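Some structures are shown below for you to check.
Two complexes follow with subunit A in common, the first pairing it with subunit B and the second with subunit C.
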Partner chain A sequence: MTVMRDTVVKSLAKITVQGDENGLIPEYEVLVNLLPVKLLNTFSERIMAAAPPDKKAEVEEGLVRAAYECGYHTGCGIITSDIFNDVVLPMVTEGEKDILRGAYAAFTAWGWAKSGIVQLKEGEKMVIRAFDYYEADSGGEGLRGYMLRGLSQAFFDLAYAEPYPDGMDTYICRQSKGIEVGDPYGEFIVTKK
Partner chain B sequence: MALRLDFTMDAETNRQYLNGHPVVMHSHHYLALITKMAGELEDIDGTGILRDVVEETMRAVFDDYIRKNGLTSAQDKCNVGREYFSVFGLGKMVITGDEQGGEVRLVRSHLDEGWIMKWGNTDKPVNHFTCGYVAAMFGAAFDKPLKSYTVTEAASIAAGDSEGKFIVKVS
Partner chain C sequence: MPVQREESIVAGKGDTGLKGNLSLTHITDLLQFLSSSSKSGMIQLVRHPDGTEGKIFFVAGELVSADSGEKSGLEGLADLLAWEQGTFHFIPGVASAKSTIGLSVQHAIMEAVVLLDRQAKENTANPIREVEERSLQMQQEGRGSAEVLNDLLEISGIDAVVVVGRDGFVIESAGSSARVNIDELGASLAHAINGIEEMGAELNVNMFQDMFIEYGRAVIMCKPVGDAIAAVVTPDASKLGIIRHKTKKLFEELGHSF
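Up next, the complex of A and B:
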């Protein structure tokens, strides 16, 4: 048996989070927040629009980096969590490949991106397609899947780079298609840096 | 008043909604890095952009809740923002004040505590996010247009104070 995506999505989608008596959400070895999508998309759009042409690449890199570090640290907490152990690990028969399948099922279940792996060469390359992701709703110009770029890079680092926390920045992710620019899906390609 | 929470999910996309507004989970790493980046972009007023975006987008969430639930008193309206702050996992606040302004104490803070977890203490206040949030909260409570209140962070957990303190004045 390998990871059964629909089963994972259904199981994980039931989970909702909200602040405890201190107004905090300590989960997955981090403090989680739950924010309106409109806030995140509007910030990305405005900060990119305000950046002069010679600084846009730097700002874009900053947005990807925020998602990357969030994904790398939180991702480690997710794939070692009780819920991931209970739901995903019993189906894992193909090592890192199945962990990644489980991770993209989790991305889908938690509303980050309805996404999955379409090509995987272990330790070398991964191609992701996303048929829905919240940044597709953002305003602005060009490809804007900063979050999914960062998350994809983070999870490939977690799967195939040096063990956490020493494997950061081993791989890189670029976006080749985007719903936000009229393509039928977003496409994200992870390769060695 | 206890905030009514209606969590729903779109069956097709799995996107999550709270009281009809799309929401998504991230961690303190994300918010801390976004805040740091905004602070470093002084030449384009990155912190101003962050504050304004938070004020505008949170105000829409508060106004929608206030309208749908028929809230009329300033205290009830202000509590919407205070309770949402904790539901969003942003921390715990205590509010005093009136239409002319006031003070918000931050007893716990996702951003400040997350910043310390990530980088340790900072030498100056960094919670621009909550400045925008508090401006939205006072604006909604007293039915004022956006940017009616100026919020200054006078004490900061990230900078070593035991609590955060935000001073609110009419702009």
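Up next, the complex of A and C:
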């Protein structure tokens, strides 16, 4: 048995999510809030548009960094939560590989991106494919999957680098394809830094 | 139609029969065509460039015998299926003096393909080196998975192709999937393969290599490709032998992408 995406998605979809001062899912031990994707995309679009040409790469890295910081801490909250333990861990038979499968299934279940693992060389490389992610609808130029870049790097750090919180910045993620530039899907490749 | 014995083939020389080139028409296609039209006779084959000769005899859809050089029976047929260059000549009404196979054309092709697979594995003298070399070659010349999927779709009888991760994530799909919820198919395949692999582990046998699911005439054929699973949907089970043969190399190629 390995982690089955449909089982994870169906189980997580049954959880009642109701926001209060502790956020939407207090069990993750990080504040998860509901924000319209339009807001996030507009923020990225404006900050990139405002950046002078020689600073664009730096601003882009900043956007990825924001997603990374969020993904690293939220990701740790997710994979150590009671929900994850109840739903995903009973199906884990292939260690970190299955944890990552479960993490992307959870990511899909919460509506962040319909994404999953295409290739995985343990501790070395991971290729992610995403068919639906909110940044695909953003305006601008070039590949703009900042959130998935940061998050994929964070997930791989959590799985294969030093234990939380010492494993930050061990891996790096680059985007090779994007729906926003006309490709049929977004592709994200994580490798050692 | 008068039936000639093999020894009297010369008498049939005046018969133009059906002739062609193996680079344009594969032997499996030819056999499929002739058996579907209930023809009886002999296919004479010559491989290029070495001139090796082969013969296949069949009667009304049943494959009676096959010879390829010194090889005969299923071994001979397996050898002939691997021919890619050469010519063929179908001569109707010629019967074989011997019966070395005696199976339906479809069944015989399936058995020959299995034999071919087994021989290929046995003949791999240094598998690690070969895999490394092939891997290097693929890195240099490798095609994208979408391109390989499109080639799979061009094989007659294949309706749709889907590649799913072991967790049921649909990585890629192509073809007519209007009848199928592709996410449901991916999840179902992953669950089925998981069950089969658990059974294999319990029985202490090798990893699963093929799975065929029959639904009336339609068949879903699944194979592992790298760390993922590829499945082809065919609405016509009678073409399964040919499909299995023609997809072999493409599945291997697909395995390098996942």
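Throughout what follows, the second predicted complex is superposed on the first by the 181 of 193 C-alpha atoms of A that agree within 3 Å, B and C clash if a C-alpha of one lies under 4 Å from a C-alpha of the other, contacts with A are read in each partner's own complex, and residues count from 1 in each chain.
The rule is simple: a residue touches a chain if its C-beta (ideal position, glycine included) is under 8 Å from a C-beta of that chain, and two chains touch if they have at least 3 such contacts.
The model shown is predicted, which means the values in this text are computed figures rather than measured ones.
Undergrad: Using the superposition on chain A described above, determine whether A:L120 touches subunit B (first), subunit C (second), both, or neither.
TA: second
Undergrad: Which holds for A:A105: it touches subunit B only (first), subunit C only (second), both, or neither?
TA: Second partner only.
Undergrad: By residue count, which of the two partners contacts subunit A more extensively, subunit B or subunit C?
TA: Larger number of subunit A residues touched: B.
Undergrad: Between subunit B and subunit C, whom does A:I47 touch in the aligned arrangement: first, second, both, or neither?
TA: first
Undergrad: Across the complex, what residues on subunit A touch subunit B?
TA: Residues in contact with subunit B: 9, 13, 16-19, 22-25, 28, 30-40, 42-43, 46-47, 50-52, 55, 59, 62-63, 65-67, 69-70, 73-74, 108-112, 114, 132, 134.
Undergrad: Sort out for me which residues of subunit B touch subunit A in the complex.
TA: Residues in contact with subunit A: 5, 7, 9-10, 12-16, 18, 21-31, 33-34, 37-38, 41, 44-46, 49-50, 52-54, 56-58, 60-61, 85-93, 107-108, 110, 113-114, 117.
Undergrad: Which of the residues in subunit C end up touching subunit A in this complex?
TA: So the residues of subunit C touching subunit A come out as 146, 165-169, 171-172, 183, 187, 190-191, 194, 198, 226-228, 257-258.
Undergrad: Can you tell me which positions in subunit A touch subunit C when the two form their complex?
TA: Result: residues 1-6, 98, 101, 104-105, 116-120, 129, 184 of subunit A touch subunit C.
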